[in-house]
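The structure appears right after this line, and notes come after that.
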Amino acid sequence: MVTAMVFAPLAAASLLLLLPANRRLAIRVVAALASGLSLALAVYLCFAYDQRLGGVQFLTRLRWIPVLGAFYLVGADGISLAMVLLTALVLFAGVFASWRMEERDKEFFVLLLVLVTGVFGVFVSFDLLLFLSFYELAVIPMYLLIAVWGSTRKEYAAYKLTLYLLAGSVLLILGVILVYFSTGMLTFDFLAISGLRFDPALQRRLFPFLFLGFAVLVPMWPFHTWSPDGHAAAPTAVSMLHAGVLMKLGAYGVIRVALTLFPTAARAWSPLIAALCTVNILYGAYVALAQKDLKYVIGYSSVSHMGYVLLGIASFTAAGLTGAVFQMFSHGVMTGLFFALVGHVYAQAHTREIAALGGLAKAMPVAATTFAIAALASLGLPGLSSFVAEVLVFFGAFRRFPALAVLGIAAIVVTASYILRTTQQVFFGPPQERYAGAKDARTVDLVGLFLLLGVLVGFGLLPQPLVGLISTGVQPLVTRMGGMP
Amino acid sequence: MSPPLHHYLILAAVLFCLGLYGVLAKRNAIVALMSVELMLAGVNLNLVAFDRYLGSRYLGQVFALFTVSVAAAEAAVGLALVIALARRRNSVDLSEFTDLSG
Amino acid sequence: MTAVFWFLAGVTVLAAAGVMALPNVFHASLCFALSFFALAGVYLTLGAEFLAAIQILIYTGAIAVIIAFAVMLTPPAIGHSNLSNRQRLWAGAVALLALGLLAGGLVPVRWPEPGPLRATSAASLGELMLTRYVVPFEVAGFILLVALIAAITVAKGALKP
Amino acid sequence: MGGIPAQLGREFWQALAWPLGAAAPAPAAPALLVVLPALAFVLAGLSLRRRPGLAAGLAIAVTAWSLVASARLFLTVRLLNGELVASYTWVAAGGVRLEAGFAVNPLTAAMLLVVAAVSLLVQVYSTAYLAGDPGYSRYFAYLSFFTAAMFGLVLSPNLFQLYVFYELVGLASFLLIGFWHEEPGPVAAARKAFVTTRLGDFGLLLGILLLYWHARTLDFTRLAWLAPELDPAVLRLVALLIFAGAAGKSAQFPLHVWLPDAMAGPTPVSALIHAATMVAAGVFLVARAFPLFAPAVAGRLPLLVVAAAGAVTSFLGATAATAQDDVKRVLAYSTVSQLGLMMLGLGAQSSTAAVFHLITHAFFKSLLFLGAGAAIRRCHHEQDIWRMGGLARPMPLTALAFAVGGLSLAGVPPLSGFYSKDAILLAVLEQARGSRPHAAFLTVGLAVSALTAFYLARLFFLIFTGAPQEEGPVSPGRAHRPGPAPREAAAAPPAMTVPLLLLAVPAAVLGYFGQRLLPVKEHLNQTLAGGTTALALAGIGAAWLLYGRRRPARDPLVAALGPVHRLLRSGYYLDDLYTRLGNYLVRGLAATLHRFDRTAVDGLVNGVAGVVLLSGRTLRRVQGGWVQRYLLYLVAAVFLALAAWLWHGLELYPAGGMGRW
């Protein structure tokens, strides 16, 4: 089941390769069907997962490279499922957001689907080598997608992004190899490795490799500058996936690998991590305030919001970790929505300069409303899922690092300031003559938009189903770390 | 009396390194391609030698066969590319192809 | 047996060196064929007759021939001169370093003694390929097909303008 | 099969029918108070965009239902003399359990009633005020949203849910202030309101976190019970933080600057949200969390801070109100001042008096706003009182209602304001025995009484008496707003006058009855009552001398007070101060950090990561595009790494890695 979900996009990608490039509708339908199938399977898995039992379920284990002790070992626990669901949602919405892609659309969809296979794979692999393979599978298409279909300094951004991510991967690969040799079992089977307790001294030496490798992707300050550039340059669907999902790979890796394997070291390092991610939160918010390009605002807001994820992780409390994963989910949905709308605005107004935009609400009321709701989610308004996430993170963080938490929470004021300023400057104010002909979001766009919107509101009003699911994944981790409730 | 295994391995290493030098230092794309084939041959020799000395039930030989077929494919595509380049640029000098300059 | 090996190994290495050193690319391609011919002999000393046969068929037969064709199809000015580029000294240094490392790492190891020399039957190889290794076999076939089509497309596209 | 949905449906209908006479108490009725307006919001916002009449009808019907339900709840609670409470787990993760539910007790039931009543009247009034506006449906959707959020806030059984709805009413306020979103003024004001109140909410959230990890519960009932056992030092901090939240929403100094600007929204909105209900939420919050403020558990400091903030705000607001020319700004500063007075009451340990004043204030202040709105509409959205005048003749009913509201607020007996204001002053007086700060507060309270009467009388005289003013050019930007045709001389339509008259009734008599209905402990103090009445009459008299007897061409106070008048007019220059502070600190810091990010962080990290090669000549050399050079680097790196590996004595072929195949 898990395997089917992971490879549905890849199968669709191969199918697309066989289709002639001028069958444009067929290409889109295949992509939409594949992403729909993945989404349906992801939803099914969330329901089929037995929360009372907990742990990793739906395991499939095949011998992959027996010589190395590497397996094709996939499964899912509460954290994986939340991330898988997020990926499927963003992919589905992303396919619809790129419906009107014109240049080399076939190759675009193929790469998009390959990328998503990698992302799905990372979330469900329980074998370190498989994990790394899927990870690279996700990173490489990103380069092409940005370099070929991007805008504003796309080569620079793609180049920078790939260098940063590969630098991160180098650390990861080194870390994984070191882990491999230090277990004495010569296996990549994560379930087996995570059963071990590593010597604290060893943990302290190995933790930085894995943590930094993933933190670059989160992105943690000061390794964040690739991300706004990447966001800004990428085409709409890629921005959605990039900010919505790819950044989560980092945080997911921190939780899944670094924290699970090296709880003692993580605990020792956590004050530093908490301090850095507080910088993330405040700094991202302040820098967002000074941006002039719409996409950069969202990009830096992501830096800020991902800081909350790390803060929740560093809190080492069940509430904080649950909040962190929930924040990953809701931030993904929210930024997906943002980038879909920014893409729409850019397509209609041909600029993303905030100062040049204004009064678009008259020409595109639906897009404006949706953007406003995403903006409200971004500033953590109750009733939308980000609020639940942030509040849980705050509860967790406040318990362990009250002073840092206060600084982090203070950012909600700055966030409100820049988000509202941006929304108002783009959509409100006097309607401008030159945008009178701009079109509102149409049916095709609405499919993705409303789906994401529904998720945002739905889990905002009734978060417990997802929170419960995530908790089952977080609980064993907290027990293992000897963290606080 | 068969020669010891490391004789074969050193022969393979020599072939590999000669090929490596060619790939790095030759201006003619065709020679560079031949050098790649030499490197592959070195690897192949390793496979066959290990197969014989470690008793791996033909795994090495089968692998070598696959390598040969892939090498053939690579040579075909590589040479086609060389010819295409030669037609377009009227040159097969690798030092002149610097379009990927960053 | 050892003497045979030494002879074949010498021919292989000298011919390979010829590929690097001969000023005329056409001569270099002939050396290339010779080197692979001798290498097929080395395979024989290892009891891999089938592989040796394949080696001769594919390399000295097919690849050497298309290389020769390629040499003739490319511009004569450089096509027939085997020049080295400006980083040849560094390249040589790196290649020597590589050789030193590989050999230095190989020699001290105590390698296992070989068992009795048995000829490989093509039949058993074929059986293996179609049973245990059938998936890689099919994949290799597919790759060959793709490469074939790709080679034709690329070369044909080049001829058009 | 179908058990849960069927039961839900049954409960829904029972609860819906309950206020209309069904005998059995329906447990879900309070929940419907939130759900129904929320549904109305969704429906009116989404599907009724092209049918404005239906949207308004739906909103009004829902609010009418809420009013009946609130009334019935109020009676039930009084009859039971207890509390209806229900609480369910909303989110539980690890050690954090957040609950949602409702609690109906006399305090909350009274608030429900006020919110429902004022909402209903304002909605009816709005049908006329906004007739013809292109955003008509949207307006009613927002109003329904506000009603839902406000009910949720009032019904909250715990501090967390209260925070949730606190933010949501903030959103409603944001949306409605910025309702005319095509004009820059309202948009900026909306943002200012939201960000400023959020500053307070930030404090509230911190208070909640601190309290939760200390007491492990946020439930009001349980907290009241637990409070004496908790650490007083922590509780003091918690109380101060909660007050920060209250100060943001209830426009207390120094966070009050957003309220006068919020008048950029439609006038009925100002009446409902920025005068009657939402701005009182801060007062309600402190009253609800009052056990945490008690001197016995948290020390004297929190209540002293509350009282001081209230007194300062009250004085600032009242003085600033005397110097404004925009009718809505006068009323806004008046609201600031009255909210300060309520806080002063809370600070004087009398939450009853504060809530009493909150309730009466809701009626007469919304009455004043609606009356002002009618006048503004009549003058084609002219808000400058110096360009109005003589409106008593064309709109006598409005003038009458406005006069009742004004007199009530001024504290003239026997109108409502008199009773509630005196209750507060009495509480302060009782505290003042033996406490010097409270003596000062009492003086402030008395001064505010006189000032209030003065500025309200000024307002009334300038708008409703004297000769009608020439119709000047309509202020730019407001030309498109709906209103009567230029030559139309008719009085306000009944949809506007009827709510005015209906509001005038409680504004007049609620004080007298409320004094009996609500558990107001304090009895009238003859001396105090006489004193405040005299002060109020003195204020009115002064205004009559200056503005009523003969209408001056321009404000005599400008010349008389000089720079002091400018100070008052600008609201003590606090706005300018904040704007500059904001520009220098926030924007400046943001810009600096942005540059820092582009140069230092980017550069440093790139450098540290060994990717300095990204730029300049090094880049040219490394990234020459010459593939063989790349390859050379790659191979050299691999073999050098290998050499390093061997150098450290590691085996190239570890025995463990070479298994038998």
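The letters A, B, C and D name the chains in turn, as written, and every chain counts its residues from 1.
Going forward, a residue touches a chain if its C-beta (ideal position, glycine included) is under 8 Å from a C-beta of that chain, and two chains touch if they have at least 3 such contacts.
Just so we're clear, the structure is a prediction, and the values are computed from it rather than from any experiment.
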Which of A-D and B-D has more C-beta pairs touching across its chains
A-D
Compute per-chain Cα centres, compare each with the mean of all protein Cα atoms, and return the closest chain.
A
If you average the Cα atoms of chain A and of chain B to get two centres, how far apart are those centres in Å?
42
Suppose each chain is reduced to the average of its Cα coordinates; what separation in Å results between chain A and chain C?
47
Inter-chain centre distance, chain A versus chain D - centres from mean C-alpha coordinates, in Å:
35
Whole-Å separation of chain centres (CA-atom averages), chain B against chain D
76
Multi-partner residues of chain C (each touching 2 or more other chains):
85, 87, 90-91, 94, 98, 109
Each of the following residues of chain A touches two or more other chains, namely 159
Residues of chain B that touch two or more other chains: which are they?
20, 24-25, 54, 94-95, 102
Provide the full list of chain pairs in touch.
A-D, B-C, B-D, C-D
Touching residues (chain side chain B, partner chain C) in the complex:
1-11, 13-22, 24-28, 30-31, 33-35, 37-38, 41, 45, 48-49, 51-55, 58, 61-62, 64-66, 68-77, 79-88, 90-95
Chain D residues touching chain A - in the complex, by the definition given at the top:
89-96, 98, 163-165, 167-168, 171, 174, 178, 181-184, 187-188, 190-191, 194-195, 198-199, 201-202, 205-206, 209-210, 212-213, 586-587, 589-591, 593-594, 597, 601-602, 604-605, 609, 611, 614, 656-657, 659, 661
Chain C to chain B touching residues, read off their complex:
1-2, 5-6, 9, 12-13, 16-17, 19-20, 25, 28-29, 32, 35-36, 39, 42-43, 45-48, 50-51, 54-55, 58-59, 62-63, 66-67, 69-71, 73-75, 78-79, 81-88, 90-92, 94-96, 98-99, 102-103, 106-107, 109, 111-115, 117, 120, 124-125, 128-129, 133, 136-137, 140-141, 143-144, 146-148, 150-152, 154-155, 157-159, 161
Where on chain D is chain B touching in the complex?
619, 623-628, 631-632, 635, 660-661
Chain C-facing residues of chain D, complex
628-629, 632, 635-636, 639-640, 642-643, 646, 652-653
